[in-house]
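As C-alpha cells, here come the structures.
Two complexes are shown next, each including chain A; its partner changes from chain B in the first to chain C in the second.
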Partner chain A sequence: MKTCIVRRGLPRIDAVPKVTGEARYTVDLKMPGMLIGKILRSPHPHARIRSIDVSAARELEGVLAVITAEDVPGTLFAFMQVMADKHILCTDKVRYVGDEVAAVAAVDDDTAEKAIGLIEVDYELLPPVLSVEDALKPDAPLVHEDKDSNLGFEVERLFGDPDKALAEADYVVEGTYVTHDLAHTCLEVSNCVVKWDKKDRVTVWTNTQAPHTQRQEVARLLGIPRANVRVISSYMGGGFGSKLVTDMKAPIAAVLSRITGRPVRIVNTRSEEFTTAKTRYPYTIHLKTGANKDGRIVVRDMTVIGDNGAYHDKGPATINFSAMMFGTLYNVPNIRAVGKLIYTNRQMGTAFRGFGNPQMAFATESQLDELAEKMGMDPLELRLRNANHAMETTSCGAEVCGCAMTECMEIAAERIGWKQKRNGANGTVLRGVGLANMVHTGGGGRFYGYNSTEAFIKLSDDGTVTLITSALDMGQGAHTAMAQIAAEELGVRLSDVIVLSNDTDLTPYDLGAWGSRATFMNGNAVFEAAREARLALIEAAAEMLEVPAADILVEEGQISVKGSDEKHAIAEIVDHSVNEHGWTISGTGRFVDKLPEGYTIKSAFAKNIPCFSFGTQAVEVEIDAETGQVHVLKVIAAHETGTTINQVMAEGQIEGSVVQGIGFALMERLISEEGRIVNDRFLDYKIPNIGDIPEIEAVCVESEGTKGPLGAKGIGEPGLVPTAPAIANAIYDAIGVRFHELPITREEVVKALREKRE
Partner chain B sequence: MKRELHLTVNGVSYHRLIDTHRTLLEVIRDEIGLTGTKNGCGQGECGACTVLLDGEPVNSCMVLAHEADGHDVVTIEGLADGAVLHPVQRAFVETGAIQCGFCTPGMVLSAKALLDRNPDPTRQEILDGLKGNLCRCTGYVKIIEAVQAASCLLDEEEAS
Partner chain C sequence: MEAFDYMRPTSVVDACAALREAGGTARALAGGTDILVQMREGKLRPAALVSLRDVPGLRSVRRAQDGGLTIGAATRLIDIETSPDVLRDHAALAEAASWIGSVQVRDRATIGGNLCNAAPSADTAPILIAYGSSVTISDGRDERTLPLEDFFTGPGETVLEPGELLTAISVPPAPARSHAKYYKTFRSAMDCCTVGVAVLVVFAPDSRVVEDARVVLGAIAPTPIRAPRCEEMLRGKELDTALMASVGALAAEEARPIDDVRASAEYRRVLAEVLTKRALAAADSWLQKGAGA
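Here is the complex of A and B:
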C-alpha cells in the first residue's frame, strides 16, 4: 500500500502550542466571577454521620455556598446504573477516607479552605474492612448495609471442560499471584469548572476521556435532561483510564453553581489525586495451567478476586475484560474464568491502561515460565508452540483477524539475545533475560451492545480541511492520527487539516477514548468522511476542468488529470465550486462495527472485541545482591500495529507504556495505614523518573488483516501489559527466585536472596 | 499582608502588590496570566512549574514571589523568538518528545538550563539534569533524544 502521510513520524499537530505554553488545559481556564469549590472529605474509612454543622462555614466572609447531602439530588450512582451505590455527598455513612461529605464555594482558594475547616461533622466510628480477606469473613461489617455481603460482583465463564482437562494434562502448575493498587498520576490533576446558566443549561469544562458518556452521567446524577448538559474538554494532561467515569466534583460544582449563579471550579490537590482519584484494581489471582508433553497448553483455570474499594466503578467490566484476554491468549481449548469483586472501605478502583489485563498477564505469563521449567522446555519454545494465528476463532469465541504474535516473539527474542543470554549464559551470575506475550484489544469493544462513531469533514474555499471528530486526545495523539488519516485519504497535506473536537454540542455521540479504541473506531469514521469529501472534490474538479471524474487524481494537495501535466491546487477547485456554483464540499463518515451473528451482550464474551493486537516484550535485568535493586537494562517491546499511522507516536505509546509497566512491576504502590493512604505525594509514591529508564527498543510490527482505517489498530495500552511478567521472568533467570506478588521491591529481593542462601 | 513586588518576566517588567505568602508560580499564573507554567503537585516534586530564575531552573511553586523580587524570570512563553522556536523547543517537536504536554514547559526549561551549563551533555548528564522533571506519558526515551538533538541544533546555530 502506497502512503504519503501515514506511517511517517510526522510531528504532532499540537506540538507547537504545547511546547510554547500556548496550549490551554482545563486547569488553565478562567471565567469572570468564577468561584473556588472545595470538598470536605471523610477522615475515616468507615463511620456513621450523626450530624453536620455548617453554620460557622456559612458565616465566613467570602463564602457563597455550603452544601451537604440535603442540598444535592439524592441520586444513587454507578458507572452501570443497575449497580448504583454512591451518593453525590454522603447521606448517613462514609465508606472510605476521602468520601465526599460536604462542599463549599468561596471567592478564593484560601477562603474555601478555611470554610472547609469550619464544618463540623460528628462521626460514629464503625469497624472498617480494609482487605479482601477481612471483607469475606462471615462476620465482616458490611460496606453497604443494604446488601447481603461484601461481594459486589461475581462472574463465571466456562469453555470446554477444564476439570477433565486438568485431570488428564501431563503437566499442571498452580499458583497465586497478587497485584496492588496504583495511582494513574496524570500530571494534570482531575478538575472541572461548571456553570449552571439562567436557561438551566449546565456546562461542564473538564478533563475527561469520554465527554459524551460523562454528559449522560452528569445528567443522571443531577436528575436533569441530557439536553441540559454540555461537556467541553480542552488540552488534557493525561488520562490512562482515570478520567472515564465522572467523579462527584462535576455534580458538586454544578449544585454550587446553581446556588450561587456563578461558575465554580473544583481542582483536586495532588494529595486528593493520590487518595481519591481511584486506582488500578488490585487482583489476587488463583491460577492453574495444564499442558501436554507435546507442549500444547490444554487448560487454564483462573479465579480473580478484585478489591472493588468502597463503590462500584469500572470493576465488573475490568474483570470481564481480563477474562476475555485470558481466554483468547494462546487459544487454550479448556478455560474457566471466575471473577469476584469485593467491597472494602478503601479508595475505589477504576480503569487503568490495560484494564485488568496487566494484572492478569502477570499471573498467566509468570506461570507459563513455571510450566516451561516443569516441562524442561525453553519458555520461548513453549510460547511459540502455542502462538495465536491470523484468522483463527479461539475456544472462547474470539475472532482473530490479523496476528503477528510469532513475529513479535522472534523479533523480541532475537534482539534481546535470548539464546546467548538465557540461563546465565551471558557469564554474569546476577543477570537474566525473560519475556512475556500479550493480547489486547486494538479497537475498543462492543460492550455497550454496539461500537460505532461518526466524523464530519468540510473543505473551505481556501483549501483548509476542517475535521470534526469525537476522537479524544488526552495526550496520546489521537487528533494527529485522525488528521493524518484524513489527509492521507483526501490527498492533502497534514498542515491543511484543522481538528475540531471535545465539545458535546459539536461532536457526534461517541463512547470515548478507552480500550485502544480511537485509532480503530474514530479513524474508520474519519477515513469514510474523507472518502466522501474526496468524491465530492473529484466531482467538482471534473465539472471545473470539464473532464470525466475517472480521470481526476488527488495527491498532496493537488488535483491533476490523467495524461496531462496540468495541476490545480485543491483550494482552486473548492474556491471555484463554492464561489461559482455555491456547491460546498464535505463528507460524513459513519463507522458501525458490525456485530457478529447471534451477538448478545450477555453471551458475546470475546466476540466483543473487533480487533486484537498481539505483542512480546523481552527484558534483560541485573540484580544488585547487596541492595536488592533490580536494574532493568534493556527492553525490546515488539507490538503489532497493523499499519502504523504515525511511527514516532506509536513508538511513544509503547515507550511510555513500558515505563509505566516498570513502575507497576518494581516501584509504585499506594500504602495504606488503617485505611488511610500515607504516600500521597510524588516524594513518597515514586513513579519512574528519567534516571530509572532502561534502553527501550519499541518495534512496531506491521500486520495485515485488520478492519482498521488503512489497516491500523490501536496501540495505546498494549505496551504496559507484558512488562511486569517479562521482568519477573528475567529476575527468575537471574537469581532463581520466583516472585508471585508485585511490586518486586528491593526489600523483597534482599529477603528472597537471603532465604535462598539459607 | 501585601507588599510591592517588582519582577521581570520574559523581559517585561511587572509591578504588583502581592501577598507575602504567594508563590512565584501563583503570581506567574494568576497575576501575570502566563499559564504555560504548570502546577503538577505544588510541592516541588514534579518539576512541571520549572522556570528560569536569573537563568537557573527552579520549581516556582517552592519560591515565594517576594524571594524573586527584583529578579529576572523566564517562562516557557519567553523562549521562542516570535514565531521562531528556540532550538530546544524545535528538538522537542521534531523528535516526538511531547505527548500530553503538561510536563513539557518545565522539561524544556530544565533542558535549556542544562544545555546552557553544558552544551554537549553525555546521556548520563542528561539523566542527571532532568531527574527533577516527571513525565507520565513518554517514558522519557524521546525526551533524551530531544535534548541530544537540541545540543546539535545549538551547535549548528553557533557555527552559522
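Here is the complex of A and C:
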C-alpha cells in the first residue's frame, strides 16, 4: 500500500504544547468564583452510620455548603443500571475505606480540609470481609444486606465437551493462579469542575475517557435529562481504564454547585487516587489444560473468581471479556469458562488496560509452559502447533480475520535468541528466556448491542481542514492518528488538520476510548468523512478547472491536473465553491460495525469482537540468586497492527504497555492492612521507572484482512497482556521455579529458591 | 498544608536565634525534599521554617592537607557526588550520594538534610559512620562536636535541641590500605534503600589481614547502627571467603529489623548478610587488584 502520511513516525500534533508546558489539563482549570470541594470518606472498611453531625463544619468561615446523603438524589448507581448498588453519598452503611460519606464546598483548599475534619460521624463498626475466601464462607457478613450472599455475578460458557475431553486427553495439567490489587497510577489524578447554571444546565469539565457515556451517567445519577448535561474534557494525563465510569466526584460537585451557585472543583489527592480511584480486578484462576501427543491442545477449563470490591463497576464485563480471550487465544475445540465476582469490603475494581486479559494470560500462558514441559516439548513449538490462522473461526465463534500470530512468534523467538539462550548458564547470576502469546480486541466491542460512531470534516475558506471527532486523546495519541487518517485520505498535509473533540455539545455520540477502540472505530468514521470531503473537493475543482473529475489529483494540500504542472491551493477551490454556489466543502463519515447474523448480546460471546489482534513477547531475565532481584534485560514485543498508522506512536504504546506489564509482574501492588491501603503514595507503591526499564524492542507486524481504517488495528492494550507470563516463564527457565502468584517480588524469589534447595 | 512562618536569616547566629524563638517545632529548611513532602502529607506541622539559603559558609567541601574532609551541612548531594575532593579518597561517599533519589532531587537535597531527617534508611549515614565521621552542631554561640553515630536517637529523631543547627560534617582521612564500600538494595530504581550496608576495611601492611574494620547497617534498626561483633570478628584475621560468610551471617544476627511495607524483617536479615558479604568481597577484590595502586 502506497501512503504519504500514515505508516510514518510523524511527530504528534500535541507535542509542542505538551513539551513546552503550554497544554492545559483539566487539573489546571481555574474559574472565577470557583469553590473547592472535598469529600469526607469512610475510615472503616465496613460500618453502619448511626449519625452525622455537620454543624461545626457549616459554621466555619469560608464554608459555603456541607452535604450528606440527605442533600443529594437518592439514586442507586452502577455502570450497568440493572446492577445498581451505590449511592452518591452513603446512606446507612459504608462499605470500604474511602466510601463517600459527606462533602463540603469552601473558598479554598485549607478551609475545605478543615471543614472535613469538623464533621462528626458516629459509626457502628461491622465485621468486614477482606478477602474472596472470607466473603464466600457461609456465615460471612454481607457487603450488601439486600442480597442473599456476597456473590455479585456469575457466568458460565461452554463449547464442546470439556469433561469428556479432559478424561480422554493424553496430558492434563492443572493449577491455580493468583493476581493482585493494582492501581492505574495516572499522572493526572481524577478530577472535575462542575457548574450548575441558572438554566439548569450542568457542565462537567473532567478528565474522562468516555465523555458521552459519562454524560449519561451524570444525568442518571442526578435524575435530570441528558440534554441538561454537557461534558468537556481537555488534554489528559492518562486513563488506562480508570476514567471510563464516572465516580461520585461529578454528582457531588454538581450538587455543591447547585447549592452555592458557583463552579465547584474536586480533585483527588494522590492518596485518594490510590485508595478510591479503583483497581485492576484481582483474579484467582483455577485452570486445566489438556493436550494430545501430537501437540494439539484439546481442552481448556477455567474458573475465575474475581474480587469485585464493594460495588459493581466493570466487573461483569471484565469477567466476560476474560472468558472471550481465554476461548480465542488458541483454537481449542472444548472450552469451559466459569466466572464469579465476589463482593468484598475493598476498593472497587474497574477497567484496566487489558480488561481482565493480563490476569487471564498470566494463567493460560504460564500453564502452557508447564504443559510443554510435561509433554517434553519446546514451549515455542507447542504454541506454533496451536496457532490461530487468518480467516478461521474458532470453536467459541471468534472470527479471526487478519492474523499474524505465527509471524509474531517467529520474530520474537528469533530476536531474543530463543534457541541459543533457553536453559542457560548457572552461577549466582542466573539468566533465562521465556515467551508468551496474546490475543486482544483491536477494535473495541459490540457489548452495547452496537458499535458505531461518526465524524465530520469541514474545509474552511482558507483551506484548513477541521476534523470533528469523538476520538478521545488521553495521551495515547488518538488525535494525531485521526489527523493522519484524515490527511492521508483527503490529500493534505498533517499540519493542515485541526482536531476538535471532547465537548459533548460538539462531537457526535460515541462510546469512548476503551478496548483499543479509537483507531479502529473513530478512524473508520474519520476515513469516511475524509473520503466524502475529498470527493466534494474534486468535484468543485473539476468544475473550476473545467477538466474531468478523474483527472484531478489532491496531494500535499494542493490540487493539480494530471499531465500539468499547474497547482492550485485548496483555498482557491473552496473560494470558488463559495462564490459560485454559496457553499463550503465538507464531509460526514459514519462507521457502523455490522453485527454478525443472529447476533444477540447474550449469545454473542467472542462474536462481540470486530477485530482480533495477536502478539508475542519474548523476555530475557537475570536473577540475583542471593537477593532475589529479577532484572528484565530485554523484551521483544511483536504485535500485530494491521496497518501501522504512526510508527513511533504505535511503538510507544507497546513500550508503555510492556512497562506496565513489568510492574504487574514484579513490583506493583496495593498493600492492605485490615482493609486500609498502607502504600498510598509513590514512595511505597513502586512502578518501574526509567532506571528499571530494559531495552524494549517493539515490532509492529503488519497484516492484511481487517476492516480498520486503511487496514489498521488498535494497539492500546495488547502490549500489557503477555508481559507477566513471558517474565514468569523466563524466570522458570533461569531458576526452575514456577510462580503461580503475582507479583513475583524479591522476597518471593529468595523464599522459593530456599525451598528448592531444601 | 497548615500556615507557618518563613524566615531567611543571613548568618548561623541569626538562624539559631530564629529556630530558638519559634520553639520546638521549627525546622531548618535546606533543599526541602523531605520536609516539604512531609508537610504536604500532614506528617510534619512546623510552626516555622528557617531557610538556610542565605546563610554563608554552609555549602562547601574542603579537603585538608591530611586528606580529611569538612563538608558544609547545606552542601547539595549532587555537589558531593561530583566533587573531586570527595572522589579522591572517599569515593564510596560520592557513590552513596549518587544513589539518592533522582538527579532533580540531588540537585536540591543536602547532606545535612539527609542526616537531620534521620530516616533509618538515609543513604549517606552508614558510609559516613564507616569513615568515622563527626558532626558539628552550633547553637549560635557555641559549637559542639560528636561522632555521627551518636547523632541519631530514633526514626526522625536526633540530638539537636531547639535552637541548634547542624553546620558541618567532618570526615577523617581514609586510612592507608583501606577500602570502603556502601551497598543498598531497592524495590525500584531511585527508591529509598530496603537495606544499606557500609563496610570499611583497613588491611595490615603487605597482607590480607584485617587490621581494623567498621560495619554499619542502615534501614535495619531505628537508626543506622554499627555491628560491633562483625567488626570484632574481622579484626586480626585474614579476609577469606569463609570469614566473609561468617561475618555476613553475624550481620544478619546483629540487625534489628522490623516488618513493614517495604520488606519483611526476615528478608532484611537476608539482605544484611548478602550486602555485608559483598562489601567485604569488594574490599578483597580491591586488595587483589593491587590496593588501588
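Keep this in mind: the second predicted complex is superposed on the first by the 750 of 758 C-alpha atoms of A that agree within 3 Å, B and C clash if a C-alpha of one lies under 4 Å from a C-alpha of the other, contacts with A are read in each partner's own complex, and residues count from 1 in each chain.
Everything that follows uses one rule, which is that a contact is a pair of C-beta atoms (placed from the backbone, for glycine too) under 8 Å apart; a residue touches a chain by one contact, two chains touch by 3 or more.
Just so you know, these numbers come straight off a predicted model, no measurement behind them.
Trainee: A:237 in the overlay: touching chain B, chain C, both, or neither? Say first, second, both or neither.
Mentor: The first partner, chain B, only.
Trainee: Output check: A:186 vs chain B and chain C. Expected answer is one of first, second, both, neither. What do you get?
Mentor: Touch partner of A:186: chain B, not chain C.
Trainee: Is A:226 in contact with chain B, with chain C, with both, or with neither (first, second, both, neither)?
Mentor: neither
Trainee: With both complexes superposed on chain A, which partner does A:16 reach: first (chain B), second (chain C), both or neither?
Mentor: The first partner, chain B, only.
Trainee: After lining up the shared chain so the two structures overlap, which partner does A:293 touch, if you call chain B first and chain C second: first, second, both or neither?
Mentor: So A:293 meets neither chain B nor chain C here.
Trainee: Is A:656 contacted by the first partner chain B, the second partner chain C, both or neither?
Mentor: first
Trainee: Which one hits more chain A residues, chain B or chain C?
Mentor: Comparing chain B with chain C, the partner touching more chain A residues is B.
Trainee: Tell me the contact category for A:562 with respect to chain B and chain C: first, second, both or neither.
Mentor: After superposition on chain A, A:562 lies in contact with neither partner.
Trainee: Could you say whether A:137 touches chain B, chain C, both of them, or neither, answering first, second, both or neither?
Mentor: In the superposition, A:137 touches no partner, neither chain B nor chain C.
Trainee: A:747 in the overlay: touching chain B, chain C, both, or neither? Say first, second, both or neither.
Mentor: second
Trainee: Counting contacts the way the document defines them, which residues of chain A are shared by the two interfaces, the one with chain B and the one with chain C?
Mentor: Chain A residues touching both partners: 681, 683, 687-691.
Trainee: What part of chain A is in contact with chain B in the complex they form?
Mentor: 9, 11-12, 14-25, 27-28, 184-189, 235-238, 240, 269-270, 474-477, 648-649, 651-652, 655-660, 681-683, 687-691, 693, 696, 698
Trainee: In the complex, go through chain A and note every residue touching chain C.
Mentor: Chain A reaches chain C through residues 110, 626-627, 629, 667, 671, 678-679, 681, 683-684, 686-692, 746-747, 750.
Trainee: Taking the complex as given, what residues does chain C use to touch chain A?
Mentor: 1-3, 41, 185, 187-192, 261-264, 267, 270-271, 274
Trainee: State the interface residues of chain B toward chain A in the complex, per the touch definition above.
Mentor: 29, 34-43, 45-46, 48, 75-77, 79-80, 85, 89, 92-96, 98-105, 108, 126-128, 130-144
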